[in-house]
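As structure tokens, here come the structures.
Two complexes, one shared chain (chain A), two partners (chain B, chain C).
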Partner chain A sequence: MKVRVQNHWPPGHIRTPAYLRGKTGEIEREIGLFNNPEQNAYRLPPQQQRLVRVRFTMAEIWGDAAETPDDVIEAEIYAHWLEPA
Partner chain B sequence: MGGDPAGGINHDQHDFALWEKRVDALMVLASSAGLMNTDSLRRVLEDMGEEAYETMSYYERWIASVSQNMVESGAFSTAELADKMAQIKARGTTYGDAT
Partner chain C sequence: MPHDHHDHDHGALSPSGHPYRKDDDIVLSYWQMMEISVRELLIEKGHITAAQIHNQINTMDARSPANGAKVVARAWSDPEFKSALLTDAGQASRDMGFDIGPMHLIAVENTILVHNVVVCTLCSCYPRNLLGLPPDWYKSRAYRSRTVIEPRKVLSEFGVEIAQDVQVRVHDSTADMRYLVLPAQPKETMGLSADELAYWVTRDSMIGVGLPQAPK
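Coming up: the complex of A and B.
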């Protein structure tokens, strides 16, 4: 399933890498439920969030500058940052 | 720091100083007591900004973050921390040399 990382830039502590925001990838696997680090960071009672491993191509991240466009990078991203693409 | 030139990687192994081991232990104790967690440690570290990253050592940044987390969670006040820091400073510069 294809997903896009939301291109959001709120202040505060966020574990979603900046270089992946707005990028589209493929779900590689569901990892499970984990405490939301965005709440944990402020010692608020954390809600459980799905953590998802997403596979991105270098072409998607670097565009024409990609040296090996078919290579991939996988990142673990909380589901509330992902939308269907 | 993300995207900036960083030079070569220093592969030298080194022993940790006693105070660094104590900072590590304090983080574990404070976390197991529910006073902080990995994400709250990282939040303060990242809010300290680029200058702190360039000028402070790894465990200097950690003790700053642990201290701020302990103040935020009510383990001690900034005034109590200041009093304790003054007491320890008065012990002299060799206090942390024990191994």
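Coming up: the complex of A and C.
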């Protein structure tokens, strides 16, 4: 399934890397429910979020500057950062 | 007495030819001061003891890549274990008897089609509960930024050339999972016991920046 990482830039403790925001990838696997670090980091009562491994191509992330377009990066993204693509 | 002579030159080299390292007589940083203060308060108020802290440091220091090497060697020699490792590497490591605490571990397998390499662009996440503390370069800004931009160039600087028909898969440890690369078993090791195989598994091969090597 294809998903897009939201292109949001909120302040605070964010574990969605800047270079993946706004990028589209394929769900590699669902990992399970984890406490949302954006709340956890500030001792706020954390909501559980689905954590998802998403696979992005180098071409999608770096465009024409990609070292090898078909190589991939996989990263864990919390579900509230993802939208259908 | 060795320090009585007056021609002692503090700018000189040690007997092994290295410059003497200066004492670290520098002012504590804000965060160092914070760590010491919190630690001393926890001890003073009786929440934990200095011995408990020291034991925890010793436990972490005792973890080493040799633990991961045993896991990889078993996966090479025991197909059922390999399948368990690829399903849930944390549980498979615990079942082998390793105390990895609450760590969530994923093993990623190198094949003739895929080469895996692990990085943490946001900080320095590393499967330290299995492999021990990460190497310094793993925490450097250069490794953390370049591995997602030009992984093949980074790997070649580690002496690993990846053929163009092999896909490079970079795993960015952005959140709760930690990663262990299961390197491909070298052909010349087929038939060796798990104990013998473990000597071939290097730390770097489990991060993905190296390959297994014949023991020296």
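Just so it is clear, the second predicted complex is superposed on the first by the 85 of 85 C-alpha atoms of A that agree within 3 Å, B and C clash if a C-alpha of one lies under 4 Å from a C-alpha of the other, contacts with A are read in each partner's own complex, and residues count from 1 in each chain.
Throughout what follows, contacts are C-beta pairs under 8 Å (C-beta built on N, C-alpha and C of every residue); 3 or more make two chains touch, one makes a residue touch a chain.
In this text the structure is predicted, and so the values were computed from the model without any measurement.
By the touch criterion stated above, A:Gln6 is placed in contact with neither chain B nor chain C. In the superposed pair of complexes, A:Arg43 makes contact with chain B only, with no contact to chain C. In the superposition on chain A, contact is made by A:Phe34 with chain C only, not with chain B.
Of the two partner chains, chain C is the only one that A:Asp71 touches; chain B does not reach it.
Once the two complexes are overlaid on the shared chain, A:Thr16 sits against chain C while remaining clear of chain B.
The larger set of touched chain A residues comes from C, when the choice is between chain B and chain C. Contacts of A:Thr24 after superposition: neither chain B nor chain C is touched. Residues common to the contacts of chain A with chain B and with chain C across the two structures: 15, 19, 37.
Against chain C, the residues of chain A that register as touching in their complex are 15-17, 19, 31, 34, 37, 51, 53, 61-62, 67-68, 70-78.
If you check the complex, the residues on chain B that touch chain A are 2, 36-40, 42-43, 46-47, 69, 72-73.
Note for the complex: chain A touches chain B at residues 13, 15, 18-19, 37-38, 40-43.
The residues of chain C lying in touch with chain A in their complex are 104, 121-122, 148-153, 164, 167-177.
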